[in-house]
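The same chain A turns up in both complexes below, where it pairs with chain B and then with chain C.
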Partner chain A sequence: MSLDVVSKPKPNRLQSTRAAGAMVKEYWDRLFTAPDRGAQVVWYNGSALNPIFQAAGIEWCHGEAFSARLAAQHLEGPAQLAGEEYGYVGELCSYARTHLGCAVLTQRGKESEQSGVVGMVDQEVLASKLPSPDFFVNAYAGCSTGQQWDEISFRVFGKDVPLFKVSLPMLWAAKPDAGYLRGREWDNASRYVARQLHDLIGFLEQMTGRPFDWDKLRESMGYIKRAAELRREGMELCKGAPTPATYWDWIASIAPINFLPGDQALVDYFQGVRDEIAQRLQDGTAALPGERYRLYFDGIMNWNRLGWLANKFAEHDAAVVVGRYTHNAFWQEPHLIDPDDPILGMAQHYLLCPTNHGSHVLEELMLRDCADYGVDGAVFHATRTCRAFANPQHVLATAAQRELGIQTMFFEGDVADDSYYKDEVLESRLEAMLEAIDVRRMAA
Partner chain B sequence: MSADHVMGVDLGSTTAKTVILDADGRPVATSVLRMGAVSRVGVKASMDRALADAGLDADAIGRMVSTGYGRRLIADADRSFTEITCHARGAATLWPGVRLVIDIGGQDSKAIAVDENGFVDRFAMNDRCASGTGRFFEVLARALEVDLEAIGGLALEGSDAVAVSSMCATFAETEVISLLAQGAAIADIAASVHRAVAARTVGLVAQVGPREPVVMTGGVAKNAALVRFLSEALRLEVAVPDEPQISGAYGAALLALDDLRGVRVPPTVGEALPMAP
Partner chain C sequence: MLERTTEAIAGLEAIADDPQGYAQRWKDEHDRKVIGSFPMNFPAELVHAAGMLPVVVQESREAITEGRNLMFEFYCGYTRSLADQAAKGQLDVFDGFLFVDHCIQLLGAADGVRSRLDGRPMLYAQLVPSMDEPWTGEQVREQVGDMREQLEAIAGRPIADDDLAASIALFNRNRALLREIHALRRGGRAPLTASQMQALVKSSMVMDKARHTEVLEAIRDDLVDAAGAAPERIRVHLSGHFCQAPQPALLDAIEECGAVVVDDDLYHGFRYISTDVAAEGDPFAALAAWYQDRNVTVPCPTRVQRDVDWDDYLVDALAASGAEAVIVLMAKFCEPHMLYYPELRKALDARAVPHLLVETEHEGLPLEAFRTRVETLLERVRRDRDLVPAGAPA
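After this line comes the complex of A and B, so read on.
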């Protein structure tokens, strides 16, 4: 009697998403040299305001995206230490903590002026590379930390840098007529945010001293709409089993859709992703050979563990096929975008952040996605420092069990702080859930 | 000798448990051995002791299933299952009709909701730390300078005159030391800690939904004070099997027996889990 040693299955990741790495690197490298080119830089968080900045001729730095990038490259430590040294405790959102640490490092400027425990120069280089902001814009939905984040950065920079805030009301959908994309609340909130975007454009004209380029905005939103349509088409193609692409492939495609410029290259990228998926369907190529389980993933990404998690689920023949973070965010309703008059559709997408809904809308979306993708179980990544995402998770898990009879499990982790992740916890709970799915299948 | 017996082994964080069943599913030996963390030596000793008690050689074991934290360390196991599956299976057989299993072991605590067929319906486990586990009570016993086995009896003598709020073992120890320094009675402190653990466990149960009958398994189920306080907090009767520590190993042995028999019956009330690869 002995256990057989078998090679562990690996996910068959899309080849087309590799292009994202080069595109994103090029974007950041360009941003790092913005001051050399005399370009103005805006720091912002939350909503994908980048098409507005692009049209205004400003270079944009998305704080969360940079925190995620550092975590994915395991280079977040120096920034987090700098943040903690400055006074931000470990319980604070690790996106914010990392980015505020970057702000501290940027503000300090030259390495020679640095002090304290933050002295790991070889790692610190990237964390301290962000160009100083010429102004801040904050447009964060459904997260109180996010809404204050840029105000804190504003203070780190000595209150000398202008700050513009866009207020994004929570979509509670509590009234009888309210729901996803419908009702008076939705209409009123959409118009309220659209008005603020016009005000933001006025602010940017003030900051740049130039009239806003509306044609440029229409052009970039046309590209973004097309890219978003292709992304949704690719997702639709993954509803059958075995899936040709997984959640992890969509995670790899978040950066392009979230903050890269709206241009032909963005469309080409998602055309490539969509076409590869279609080709896989035609060829009968699975993203996970031997797919036995189809899972829903709720929770913001654990960027420290992206490859690790993809491999772990694959080792258990578990294809993660759909998730709240990937499928209910990032220009996910392209039909709302009118490229000729894009502001309202943009405002609506900023409201459609997956942390900005009342729980019954989240339930509606999750149940729809679980049914559409033929999900066997739901995995909840209980992000320790992202309460906005974690708050409704028990409600969602209960709904999944009650309405669909599927198994659920939770594991602890975080967006950019690896210390909250415990591998044995995930391993045991995932195995237990898959065993329970097996039991149900046997019984059926 | 024919290999018509089966063995279930639960290699936990602080104890190794072994159950041997004969071909008819009757327990012929059980062994519970305290050891170092997931100790290979400890688990071998537990298995050897069970074999010796049963008067069997290793060749008599036709199937072995492992469970617990160290389940993957047991090279001779034919298959391993999580504690969730094994505790549910064991408890549902030990206590037919059970709907909620609360298992508190050395390092973790679990609430397992079992459906009317004895299948795992939902489960929840403690997060991150040793709050409310056997380890937690060890820390408490050390701080109060009483034997671990005596801590429950002490708690039953205490009142609710003091309150311990922290569920982190380290911080709770700090609180306990602070209360001792203030002159609080150790029985009251012990009672307070037990009530806090019971409240914490109720939170765990809430995640899966309270239901009855309730059975408590794991080493902490031997602590009469916690069982009583938990029963009061849940407002439900909490039953404890005669040997609460062996529930996981027993469940593992039952799964091994399913496999040996080749009988396709539900895992907790009859059907086998898929034993093939």
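After this line comes the complex of A and C, so read on.
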């Protein structure tokens, strides 16, 4: 091994986020064993409806989370192959393609059929673990593909499984009073979605045959609010240089805030993350020793390349400190949550998905975050099959250059299909951007 | 077909190929505003009733160049072309835009266009894509009310019930004429090519509706007079291709291979003309109901509705037209179509209907390769008919 390789800097990841792995594993294990316990299972996509499912006493399977999990474990291939064999074209959202492939496998498993291409070993690994749905719920903000995804799952399962849909309007912000958390569009959409959540609860009561446990929902949302506050506090502590935690630490914390149960363990997790960051600040411990560049990351995560990307940026002394996917999502405005009367605040968070705004608002949020975190450059992950995230990227990059005078770069990849990632492209463009930052600094 | 009919269709084709040129001439002549909309569900009657010209912005045939700075290459041809036209200043004739469809790629394109509009409005009144919820009707009526308010602000005048009712009647007349002509084709009796039929529909999306209707009436009369026996060719149904019109060269190639296109569910075809707006009652409520009705008449995968199936519709349409094969034209990167296609395939396979999936691209397809694929499909149909002589090579 050459000295050059040994000396490459590595990110000093938070130790506290390691707990997420065990928590997530426990969640999936519980889901995989739901049929053995006679528990009902809902398949859902999009918004974090899990507190509602938790209060209804059912197990929840988040399709995107399952696709992301497979991609992160490099196990997405068989599901995608099954989807392709069924007829899904490779340019379709790789989250949906992976999950629909699982649906095809699960359905075949139910019917005791075998796939012609995907062998039984793969089916056992994937499909037999994913319990068949007792019903579907769709509540997808921003992306039309996400909205149609569960309807297609519904068809894959022969239209025999009940489907409930929550419609989340896009916050287009074209009217004079419109903006982030303000205006008539925001108020109307919030009330519209809140009404539908009440209808969803009625649907769940019908599916479970039990009255909905409102106290449980209030309790769960109390925990989630507290966890979200701690998460925001931790993020706030990362505004100074060198940063005590990076974007990659927040990526590692997405699963807990996105779909794990609202309980004391969730609060404890984010308390641990927040406290470790505070301790690092006190001790002067950097997440990236030798931090030279602070970057903004736009786009959804490339789950196939999670550790790879963290190392790649670290090798160049580039600390990714803030991003749209991490900082503008996942219960990010906890002040909106009233645990005693949580529905409206939940509806508002479902609308606040970072793909559900027109570019005016996204521009406002990105410029604010770049300024707050002292960013030198913005990296745009042009996600081949996630148009929801790719949509505003050209407009945002132009705004970052125009308004803040910072460098921007694009690299190609995908959310759950590794074939679209080109390492050489990222390498050369990152080097070019960092050199441009150096030149600018010297000129200053 | 009479020469005057051929010329009239060619005139419409020229307008359909240059919508902005037509809009500019109309604007100069009438000194009124032009409103652009995007496919596929915008109720253009509202714009007409406000005294403005509604135009469905079309995919340009131009190569995409400057639009690359607004949209990635992994978007459908329509949305990339839209961004390209905006970047080149080719949408300047429009006084504003209003659209209603929630397609993630369309939203991206509209946002890109918005960044180049210099303050002209890019308005969005999202019609809920979930069609069969208890609240769908109310929500759509609210959005129609919102559109009314926004259009009245641009037009600087209110939209009266009577004006809207008159616009609805005119648009219904136009759709009815197009359906009459389409029915002649379904019977195989109209001497009209698929690309000519497309020109009739596409020009309707662009032109002053009264003028288009006048031209259409003359064409219809001539076609009825000229209607003959159905030709002995393989009857084909064209399916798919939503927002953008398939390139005429593809349609011509299909027919040159020995097929006759007798039916379709294309947006630049039967999907656009399928459903009338109720002429009775509150015209604003009628427009809202039309949105829901047309997804029942011709189901669309961009909408979500449990009790309506595009695959069942397709199978029924084949039975009605006697089409023996289906050519599925999928605009590359069109996600609703990619999601639904396997369901179509299952339905067609279950009935042993020969079909061919063709992914089309803005930049075009190699025609010879396309012809070979179509000829192979038609050959399969001939075999199914047992028309291949005994001993012919397999």
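Just a few scattered comments:
The rule is simple: the second predicted complex is superposed on the first by the 428 of 444 C-alpha atoms of A that agree within 3 Å, B and C clash if a C-alpha of one lies under 4 Å from a C-alpha of the other, contacts with A are read in each partner's own complex, and residues count from 1 in each chain.
FYI, a contact is a pair of C-beta atoms (placed from the backbone, for glycine too) under 8 Å apart; a residue touches a chain by one contact, two chains touch by 3 or more.
Please read these numbers as outputs of a predicted model, since none were measured by experiment.
When the two structures are aligned on the shared chain, A:167 is found in touch with chain C, with no touch to chain B.
Within the superposed three-chain arrangement, the count of touched residues of chain A is higher for C, of the candidates chain B and chain C. Legend: residue contacts after superposition of the two complexes on their common chain; A:196 is shown touching chain C, with no touch to chain B. Touch criterion met: A:394 reaches chain B and chain C at once. When the shared chain is aligned, no partner comes close enough to touch A:207: not chain B, not chain C. Once the two complexes are laid over each other on the shared chain, residue contacts for A:408 go to chain B alone; chain C is not touched. Judged by the touch definition given at the top, the superposed model places A:144 against chain C, while chain B stays out of reach.
Of the two partner chains placed by superposition, A:178 touches none, neither chain B nor chain C. When the shared chain is aligned, no partner comes close enough to touch A:19: not chain B, not chain C.
Applying the stated contact rule after C-alpha superposition, one finds that A:265 touches neither chain B nor chain C. Counting contacts as defined above, chain A residues 382, 394, 398 meet chain B in one complex and chain C in the other.
Chain A meets chain B in the complex at residues 1-4, 6, 382, 394, 398, 401, 407-410, 412, 420, 422, 424-425, 428-429, 431-432, 435-436, 438-443.
Against chain C, the residues of chain A that register as touching in their complex are 86-89, 91-93, 96, 142-145, 147-149, 151-152, 154-155, 159, 163, 165, 167, 169-170, 172, 174, 192, 195-196, 199, 358-359, 382, 384-385, 387-388, 390-395, 398.
The part of chain C that touches chain A in the complex is made up of residues 69-72, 74-75, 102-105, 107-108, 111-112, 114-115, 121-124, 126, 128-130, 133-135, 139, 301-302, 304, 306, 330, 332-333, 335-336, 338-343, 345-346, 359.
Against chain A, in their complex, chain B makes its touches with residues 61, 63-64, 69, 75-78, 81-85, 117, 119-125, 127-128, 207, 209, 264, 266-268, 271-274, 277.
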